[in-house]
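Before I ask anything, let me first share the structure, which is written out below as structure tokens.
To keep things simple, chains are lettered A, B, C and D as they appear, and every chain counts its residues starting from 1.
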Amino acid sequence: MRILSGVFEGQTTGTPISLLIENTDQRSKDYGDIAQTYRPGHADLTYDQKYGIRDYRGGGRSSARETASRVAAGAVARRILGDDIKIRGALVQLGPHKIDRTRWDWEQVEKNPFFCPDAAVVPQWEDYLAGIRKDGLSIGAVIEVIAENVPAGLGAPIYGKLDSDLAAALMSINAVKGVEIGDGFASAALTGVENADPLSMKDGKVVFGANHAGGILGGISSGQPIVARFAVKPTSSMLAPVPSVTRDGQEKDVITKGRHDPCVGIRAVPVGEAMMACVLADHHLRHRGQIG
Amino acid sequence: MRILSGVFEGQTTGTPISLLIENTDQRSKDYGDIAQTYRPGHADLTYDQKYGIRDYRGGGRSSARETASRVAAGAVARRILGDDIKIRGALVQLGPHKIDRTRWDWEQVEKNPFFCPDAAVVPQWEDYLAGIRKDGLSIGAVIEVIAENVPAGLGAPIYGKLDSDLAAALMSINAVKGVEIGDGFASAALTGVENADPLSMKDGKVVFGANHAGGILGGISSGQPIVARFAVKPTSSMLAPVPSVTRDGQEKDVITKGRHDPCVGIRAVPVGEAMMACVLADHHLRHRGQIG
Amino acid sequence: MRILSGVFEGQTTGTPISLLIENTDQRSKDYGDIAQTYRPGHADLTYDQKYGIRDYRGGGRSSARETASRVAAGAVARRILGDDIKIRGALVQLGPHKIDRTRWDWEQVEKNPFFCPDAAVVPQWEDYLAGIRKDGLSIGAVIEVIAENVPAGLGAPIYGKLDSDLAAALMSINAVKGVEIGDGFASAALTGVENADPLSMKDGKVVFGANHAGGILGGISSGQPIVARFAVKPTSSMLAPVPSVTRDGQEKDVITKGRHDPCVGIRAVPVGEAMMACVLADHHLRHRGQIG
Amino acid sequence: MRILSGVFEGQTTGTPISLLIENTDQRSKDYGDIAQTYRPGHADLTYDQKYGIRDYRGGGRSSARETASRVAAGAVARRILGDDIKIRGALVQLGPHKIDRTRWDWEQVEKNPFFCPDAAVVPQWEDYLAGIRKDGLSIGAVIEVIAENVPAGLGAPIYGKLDSDLAAALMSINAVKGVEIGDGFASAALTGVENADPLSMKDGKVVFGANHAGGILGGISSGQPIVARFAVKPTSSMLAPVPSVTRDGQEKDVITKGRHDPCVGIRAVPVGEAMMACVLADHHLRHRGQIG
């Protein structure tokens, strides 16, 4: 990665920071088979529908490699936010297998290749993923990202809601099909009393009895941890064949060779952290602009 | 509602269309009890944290009344999109009670007060909601919005993804805590083959064998129906008491009188349709700009 | 004028401030003669060319009445900037007649109907304008706006240059055809030494020996007074006839009755001040966001 | 220059086109003398005032080298606009010496190093500039840019006025201190009749008898040639000494060695053309989006 602008002698200069990551290991031959065929569930088709041109190389805008730039940007965003704000992500579901949240241990996240906070479920996930890989399949996942020590006040009531911007940022990650804040879809089944985060006073400060809201009320951070989850679908790039069509209208099964993970959701953990960092850094600056 | 600008003799003039809806039935006395107390789960607290001022009137930016302007804007957006594009919403879950999707009938949606497409579940919902109301409680819901006949090509690969903008728009509706496109969170549990929408040729056109993707691939519409769902939490404005604190730091239970629905999710159905219309109209114009 | 939102009990609430000024004295009959004919030099023609619809009423987007909203917004912007920053405008040229800058006296600006800082030239301007009015003509003008005590640092090196935004804001005022910062076009004829604003130290601070730059260097305010000028063309709405054509392609001279000033530039003085205030307030907030 | 993205096999792909121009001949030693001293009239001072950091290298955001990227972007913009729209610039004033507009000949522009359309004035300019150079001075200039065959309808009545965006774009070029459209500042001295562009019919089309407006009425292009001028101040980088101060508060004359043109305005001709192209391309796309 090269820093093209914005840094001089170890300090930012106020100029936009421009980062360049070259895609050096793209092997065009890997894509020979799919150059004329659309991968079902992939952007191959819609790009061609929109622009009328087929750029079949995998290294571009539709590849999860694009997310490397998000992670790089997230590293800058974290420096803007400072060390107090801690942003961490974890895989909470692999395919149909969820973690047991009572066993959540952040230290475990760095000790297994799944970013899994539940050590006990890791062996099960290993077996499961080995089977998926052996069958030439792919599988989805759910990632949770938590930002702690975010000050109250980030966001705005209608335009620029923090949860709205967070939803946009997370949904913009490749293969993401769902986003939740706090209790998310589960809150639909709760009564107002069950979903309430009761307030009380402690040492002269307002404290919360729960965090169903995931740290955001009315589009603005409350000072509680910000909790977001997003669902990643199984990648459409896999060895198992799927019925498809070619560019010139012939029916043909598609098989995708090349370097493709059976679960792209695992690599999405740092990407989700990065998007959280970018959104918070953006709102931090906007808040400082408006409020001072 | 008044049209302040942009329309002359029944036609748009090219000037921004400005609509004004006066909030005529606000009764300030209803809010007397909560003028000094924060409703847990409500933006009362975060607005005060951010701006340092308490505007306790309910008619403003934190009230679901704000969504009236969204519905009005959605009506304009539908005219931009034209009659071919059909946007319809329905309530698919009330509290813990989901519809049976095999009984989905769009005609039923206009025949019951729930916008429910499953006639058989309506009596159950009526009983359930009567109980919630009697107990002074509130309850959440899930809404599904489907846009049919949307042309392929709306959206963009990275900045301006259609699903990202849709997620932002739906998450920006009051009380929304989750957004899904297509299979959403369920896709996390699927293999790549189960989640694939196979392609084949029919009458010289590409057709899809399923719509797990909800009509969006790589941020761009595919020509399939666009399917989105969003979860609405139970409103924090209810008669049942919740522990809270006052502005000057006293602990005090909060009870919210005034005109509050036990399930704001029901009224969110046309709001979700409107946001879908606004996002599609925006992308329709942007697409026409880029592609012509 | 009504305040529609953003203010409660005399304080801003953080919500966008929405102001509504009704155009109450529009007399449609005044426009009867020009409903089908284009006024040369007026936006009549280009609006029709762009939108294909003729909204011949004068009270809208092409009328200088639109600038009332700019002045209202400028009043809010001044409150954001605070009392230290002083923004004042003056008419420095009426038709071909310029002021003598050695006689500049701000106190005179409020004592004559021209916002003229040179008392000695006022009688000449009165005679000249009476002649223009008698002949059914109109005439142009040049306005200068100066902002004092603007802190150094507002603006940005490439995107968001302060002078670029100021040029856009002033050029957007109806009938403006030219914008200058500092010495403006005169600087083209100067050598680098003549145009330099030498620096020296005084009481431990950097001071400037001149202000050819008009307070902006490299897109960023230097702490010196910000000096901008803009030229207003003569209005195309006048009694004197000009050859024109009708909507259906007939040649016809145009005469504009109705309430039209012979020199709209005079009224542009507070408008220019307001645009300066809006641009500075915007950059004040952006600067605070970036730098803190 | 490298194309980093957006082009595949000679065609644009719909992805943003990213161009990279490396600054390969920057010689840091040239800047040794000014690393601690502010050049009067230069952004040295204001960048330091704003960001509190001194990046003394000349190759960055404050160097006219930055305009190379504008010219590159302009080349892309011209491709969007198509071959019919012809954008050409010329130097119309060098220091105090103006061209004789009656001798304007576009073919001359490419035949002399000044981009001067008046062949007769070139020898005078050569002598004048040689003297400036010999004295270690610099001098300003005025550039005129004309866009022909621009269709009527580009721009918008209030937000997004074509002249406003053009003013912003031209004023954003390094060292520009003034911008005019059409007759510009001269129009202030004209009566409404003198300034009018009379309309008549010819072969069933509306034609104009003059172009005082410079092709823009009410913020929208009229179909006439778009005429803009901008003034470039003399560069502050020159051999002649100017009183200044150092970063640590010492008074010291500044002399700028290194590669600096005595008249940067000459090189600004293609930059002005490029900015015109970028603004027109942007409005072309926006117009197509809104109107279709």
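Methods note: contacts are C-beta pairs under 8 Å (C-beta built on N, C-alpha and C of every residue); 3 or more make two chains touch, one makes a residue touch a chain.
Listed by chain with UniProt protein names: A, B, C, D = Chorismate synthase.
Keep in mind that what you see is a predicted model, and the values were worked out from it rather than measured.
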Shared chain contacts [chain A and chain C, defined touch]: B, D
Chain pair with the higher count of C-beta pairs in contact (B-D, B-C): B-C
Separation of chain C from chain D, taking each centre as the mean of its C-alpha atoms, in whole Å: 23
CA centroid of chain B to CA centroid of chain C, Å: 43
For chain B paired with chain D, centre-to-centre distance based on mean C-alpha positions, whole Å: 47
Chain D: positions in contact with at least two other chains: 14-15, 47, 50-51, 61, 157-158
Touching residues (chain side chain C, partner chain D) in the complex: 38, 40-43, 45-47, 49-51, 61-62, 66, 93, 95-96, 132, 137-142, 152-153, 155, 157-158, 161, 163-172, 174, 176-185, 187-201, 204, 206, 209, 212-214, 216-223, 231-236, 238, 240, 242-245, 249-251, 265, 287, 291
Touching residues (chain side chain B, partner chain D) in the complex: 14-16, 156-159, 285-286, 288-290, 292
Chain A - residues contacting chain D, complex: 4-5, 8, 11-15, 20, 47, 50-51, 53, 55, 57, 60-61
